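A, B, C and D are the chain letters, set down in written order, and residue numbers restart from 1 in every chain.
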Amino acid sequence: MLTAFAIVTDGLVYAAYLFLVAVGLTLIFGVMRILNVAHGSFYAFGAYGAAIAVGVYFDRGWPAAGGFLLMVLVAMAIGLVLGLVLERGLLRLVYGKDEIVVVLVTYAAFLILEDVIRLIWGPNSYALYQPLGAAGTVDVGALVLSGYDIGLVALAGLLAIGASFALKHTRWGRLLTVVIFDRELAAAFGINVTLVYTITFVIGAMLGALGGAVMAPKIAVTLGIGVEVIVLAFAVVAIGGMGSVGGAFIGALLVGESRAAAVHLLPQVELFVIYAVMALVLVFRPQGLFTRAQPRKI
Amino acid sequence: MARRSIVFGLLAFVIVAAMAPALPTWLVSLATVALANALVVLGLIILWRAGLVPFGQALFYAIGAYAVALITRYTGMRDALILIAAGAVLSCLAAILAGFLLARYREIFFSMLSLAMSMILYGVLVKTETLGSTDGFGVEPPTYFGYAPQGHMRLLALFWLALAFCAASALLISLYFRSVAGSLAVPIRDSEIRLEFLGVSVNRLIHLNLVVAGTLAGIGGALVALSIEHVDPNMSYWTTSGGFVFVTILAGAGSVAAAFVGSFAFEFLKSIAYDILPGTWQIFLGTALLITILFLPEGIGSLYGRLRRRKPQSMGAS
Amino acid sequence: MRHDAYPPTSVLAAGLSLGLSLFAATGARAEAPAASVKIGFVTFLTGPAAAPFGIPDHNAAELLVDNLNAGKAPPPYNQIGLGGAKIDAKFVDETGSAADVVTQFRNLVERDHVDAVVGYVSSGNCLAVTPVAEELKQLTVLDICGTTRIFEEKPRHYVFRVNPHATMDNIAAAKYVLDKFKDISVYSGINQNYAWGQDSWRDFRLAMKDLDPKATVDKELFPKLFAGEYGAEISTLLTSSAQFIHSSFYDGDLEAFIYQAGARGLPQRIPLVLTTGESSLWHLGSKLPDGAIVGARGPHAFFAHAGELNTWFHKAYVDRFNEQPIYPAYDLAQSLLGLKTAWEKAQAKKGGRPTTEDVIAAFEGISIKTPSTTVQMALGNGHQGVSDTAVGTYKFNKAENKPEIVDIVRYPTQCVNPPADVDSVPWLEGGMKGAKCE
Amino acid sequence: MSAILVVHDLEKTFGSLVAARAINIAVPPLQTVGIIGANGAGKTTFVNMITGHLRPSRGTIVFEDRDITGRPSREITRLGIARSFQLPQIFSSLTVLENMCAATAIAHAAGGLLRQALTPLHSPGTMAESEAALELFRITSYRHARAAALPQGVRKLLDIAMAVAGAPRVLLLDEPTSGISIEEKFGLMEVVMSALKNRRITVLFVEHDMDIVERYADRVLAFYDGAVIADGPPIETLENPRIQELISGPKLKAAAQRHA
């Protein structure tokens, strides 16, 4: 019983983590058809930024709430800068090229940013421990849940709801939906696709940085944290359906829960359960759970 | 034209083989690895021509390598030719099996599925502690028809063998590119429907390409295993596949030659980067990749083509 | 893309040009003055292993090379460089595939003509490089890698490892746990899902079986290396009946695990046994609850034997980098000073600059004084070092706001290391016959 | 000789939607059949079923006394039924000649991937044949132009020329003149039809322009709501008031009178 409960809650927490790192990626892919490897760098920059700024904040002994707010602000600032630089400075040059070539451009950007991190913050690791303490704990029988984890799940949920609401009910969201559905059509409707791209990419970057910022308190912020995240996010997005926010949400839940189950019941398979799930989904629904395959017009 | 280029190519291989003894040993071993990787890249070029980019080609690369390592370890068989043949056969079989699934996919879905497959192999290898888990295990130096070279000769022998395999593959693949099936790669990207209505099974065609590419990757893996005398699960990790894609883009899908030019260029770049920027060599590689994509969109391989102006070549000739 | 036809002669062109330019590269490289000894140091300068291993490694190397060349180190190491010849250091990144690492090793040996290679953190890389070193007849001192396989798979001639292998860490930990908590009946383990974690857990379990046959394992967890998120593992451990939890986690993963587990009260509830915990204490500070049992892969840092050499090394390191040296720094010191000792012994014997063979002859079975302790090159025909080790209990000194280790217990060399002629796993399985603990 | 293509009780449903119902036709060799009907009447569905792009829900298709119902399109193609497309399916990154060579080479190396992997693309035979085909369809002047850059009319012709490369006995043209300006339409149909006559191919073509149907068809099939509501010689079919009401509209009257 307790195990079952543990599986569900652990799954939720891991799913929240996955969704936070995947949502930006899937948004960018949906709108721009770019599989953005540099997303890992956004995550890493977000983590470093938060670890330093928020760390300083807490050391001042100022109220915790502000610290959490600062996390989000840092993430947004970093996303804004990195997003603009990459999109305006680099991606703009390769729009319309082979999809894979664009992927490789983001891969190159990722390689460079990895070392930029090293040049800015040095090779040593940073820790942002205060928020976990500040968030407290909730006891459920033998199981102690971290308040911070609960916060993460809530944040992920809010993001998911917020995103789907924004896509449906705001003017910008509708524009995006049109672009996602059919770029040519969107252009024909006189939508400024270039602007949509820039803004989407910046938002995606912000979300990636946010993922890093909110994970920073739980991990040691050190070189190479981006690499792991990329392939995880890819898996989630591929499972949910490239470009579908709802899909990323379900994909994250699916992976999170199956991993939690594996850890509790069958630790041997934990290492590749994610990829097993991914392979299965792709085999039975090539286009992922949440996107329809484009019908071929002839 | 075609015949001439093949003669030239083979001549090139002969000359490189002849000058090998003059090269310093570190360069010989570096070149052996470069040749082995070039075979994997050659396979990726075959697929890329048809618009397919596997993020999991390391699957077949690792199978080839582990085949060699396991056979030497458990049977004591050490003959290079037999070992490489075994690696080729096993990766070929793996590619035939994987192909039944992969051949049905296109674009990013193809890439992701192949990624998933290679990562599952990675997981399995890491879990098998009898094979040293992530540490991997060593491979005995090979013999050649019972002849066991020593010292410098050991490197040269393997280098020549690798060269021979590369020459053979280069020849066969450029013939394949000139064949009907081989020249349908671009048409696959343009209109699968037309191909189907010309009576071609696109999936089978792609399956064939996958098997060829997989086998080449297997041979490459086998050669690397013999060359560095060690195998480990990272050979199947997604970053390894990423590296091969990196080289493919660097090389460009222009031709068979591109694979070799690109692979050598890459090893060369890396060796320099490690040497002059030990702490920040990734910036170096990343920038190199960017420059290639932005200023040589058809890859380093296209440089030669640019140098001499040509009237439009007919499709598929390589 | 179009498929342009052009003859693969460009392969020839490229091949030649590359070959030649690489030649040029080597020619251009200024050969170090014959007087100096060229040493290649290989460690992780990039990637996640840089912070915990690469940087302390690199710092210690820089520190020692400069001080040795200036003759500033205390005796017995006050001779300049190696036997009067200044050390000419070249650093190489260990990051990359096994193929990259082997290629870089060959470049060091055959392009840069180093006299010795010192380094390697990853056991996989040590295993990959060893046969090449043997083939190239290159004197090589492996540094941090802990695998027992190097000298147990086959005897080596050119390869040495001063730092003891990982077996003793876990035997010592097991012994310490058993005297500290009486009647242990259940324990759990969480180790990274790769060779290091798997081997550490295997050794620890075998040691426990020998020392306390009735103790049983409850949960054994192997999260992915650098997983980052340990929620599920922590829940599993929270719901486990274990009396303590063994882990060989280090740095990033260890800290992440401690932060997340700490937030959920795991270490407060079940004591942790961290075989490599020392390297993270300065980061963790008060986040690691008092009472955790920590080791340092040898008697390093907190556990180092007092003495002039130790005091000097610690002070010089802190003064220069203004951070505390952690065990990887001490490991590098042991490797380099081991080489120096052997080199100078050979030189004294020969009365001139020793050849590789001279150094090897001198190195085998030698005993080496290091900042931490005294290492005996006892195993693997005198190629593998063994030393005593120590384990202690963590305590955070709030007053001075710095970590401390209390209740340190030292374990003599023969107590935690197999005899020269026995491999470690069979030795453990055979009940550690011939262990001398008094 | 008996009919070359016999369709019996053919039906296609997508869920509740019926795209084709109870279609029965027999086409004698060398006949040219015009297929008319409003958009969504089931014309293209019909073509797709014959050529194996869609699997019929019911009924049979018999070609040269062989049942080909539900066979994959590539098999049907090899058996001798080819088709062209409303949106020309050509290899846009290749030149016109390269397109034609590909089609011809495939036709020559038909039967088996292995054979295609072993046959070189360029043989004097295929070259000559491709040139001839371009000549026949009057697009030789474009031979070195990239297909992507071709005017619509040439794309259509190339599409059809490639379809014919495999020497089919039956060819289905899906709206050969759609997207072509009124002035060019007849010119294009002239080229196509004379070429096909010359190759002795039975033709079924979907067409919206009643003048073209009237000019080139020996027989007209009128589709409405998935069913064939009229089947007969052009004039009388097109004059049928029900057809005019449902499909062609009054403009037909003019055309009919011209011929009366």
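A few remarks follow.
Heads up, the rule we're going with is that a contact is a pair of C-beta atoms (placed from the backbone, for glycine too) under 8 Å apart; a residue touches a chain by one contact, two chains touch by 3 or more.
No experiment lies behind these values; they were computed from the predicted model shown.
Among the chains, the centre nearest to the mean of all shown protein C-alpha atoms is found for B. With chains reduced to the mean position of their C-alpha atoms, the one farthest from chain A is D. Averaged C-alpha coordinates put the centre of chain B at 44 Å from the centre of chain D.
Per-chain CA centroids place chain B at a distance of 35 Å from chain C. One inter-chain figure worth recording: chain A and chain B are separated by 33 Å, centre to centre, where each centre is the mean of the chain's CA atoms. The set of chain B residues touching two or more other chains comprises 126-127, 186, 193, 279-282, 315-317.
Residues of chain C in contact with two or more other chains: 2, 45-46, 193.
Within chain A, the positions touching two or more other chains are listed as 114-115, 118, 268, 271, 298. Interface residues of chain A facing chain B in the complex, by the touch rule stated above, are 35, 90, 93-94, 97, 99-101, 103-105, 107-112, 114-116, 118-119, 227, 231, 234-235, 238, 242, 268-269, 271-272, 275-276, 278-279, 282-283, 286-288, 296, 298. Across the complex, chain C is touched by residues 1-2, 4-6, 8-9, 11-13, 15-16, 19, 23-27, 29-31, 33, 49, 126-127, 129, 132-138, 141, 151, 154, 170, 174, 177, 186, 224, 227-232, 234-235, 240, 243, 252-257, 260-261, 264-265, 267-268, 270-272, 274-275, 278-282, 298, 301-305, 308, 310, 313, 315-318 of chain B.
Note for the complex: chain A touches chain C at residues 2-3, 6-7, 9-11, 13-14, 17, 114-115, 118, 123-125, 127, 129, 132-133, 135, 137, 142-146, 148-149, 215, 217-220, 222-225, 228, 259-260, 263-264, 267-268, 270-271. Across the complex, chain D is touched by residues 175-176, 178-184, 186-187, 189-191, 193-201, 204-205, 208, 312, 314-317 of chain B.
Across the interface of their complex, chain A is touched by residues 45-48, 50-52, 54-55, 193, 220-224, 226-229, 231-233, 235-236, 238-239, 251-256, 259-260, 262-266, 283-284, 287 of chain C.
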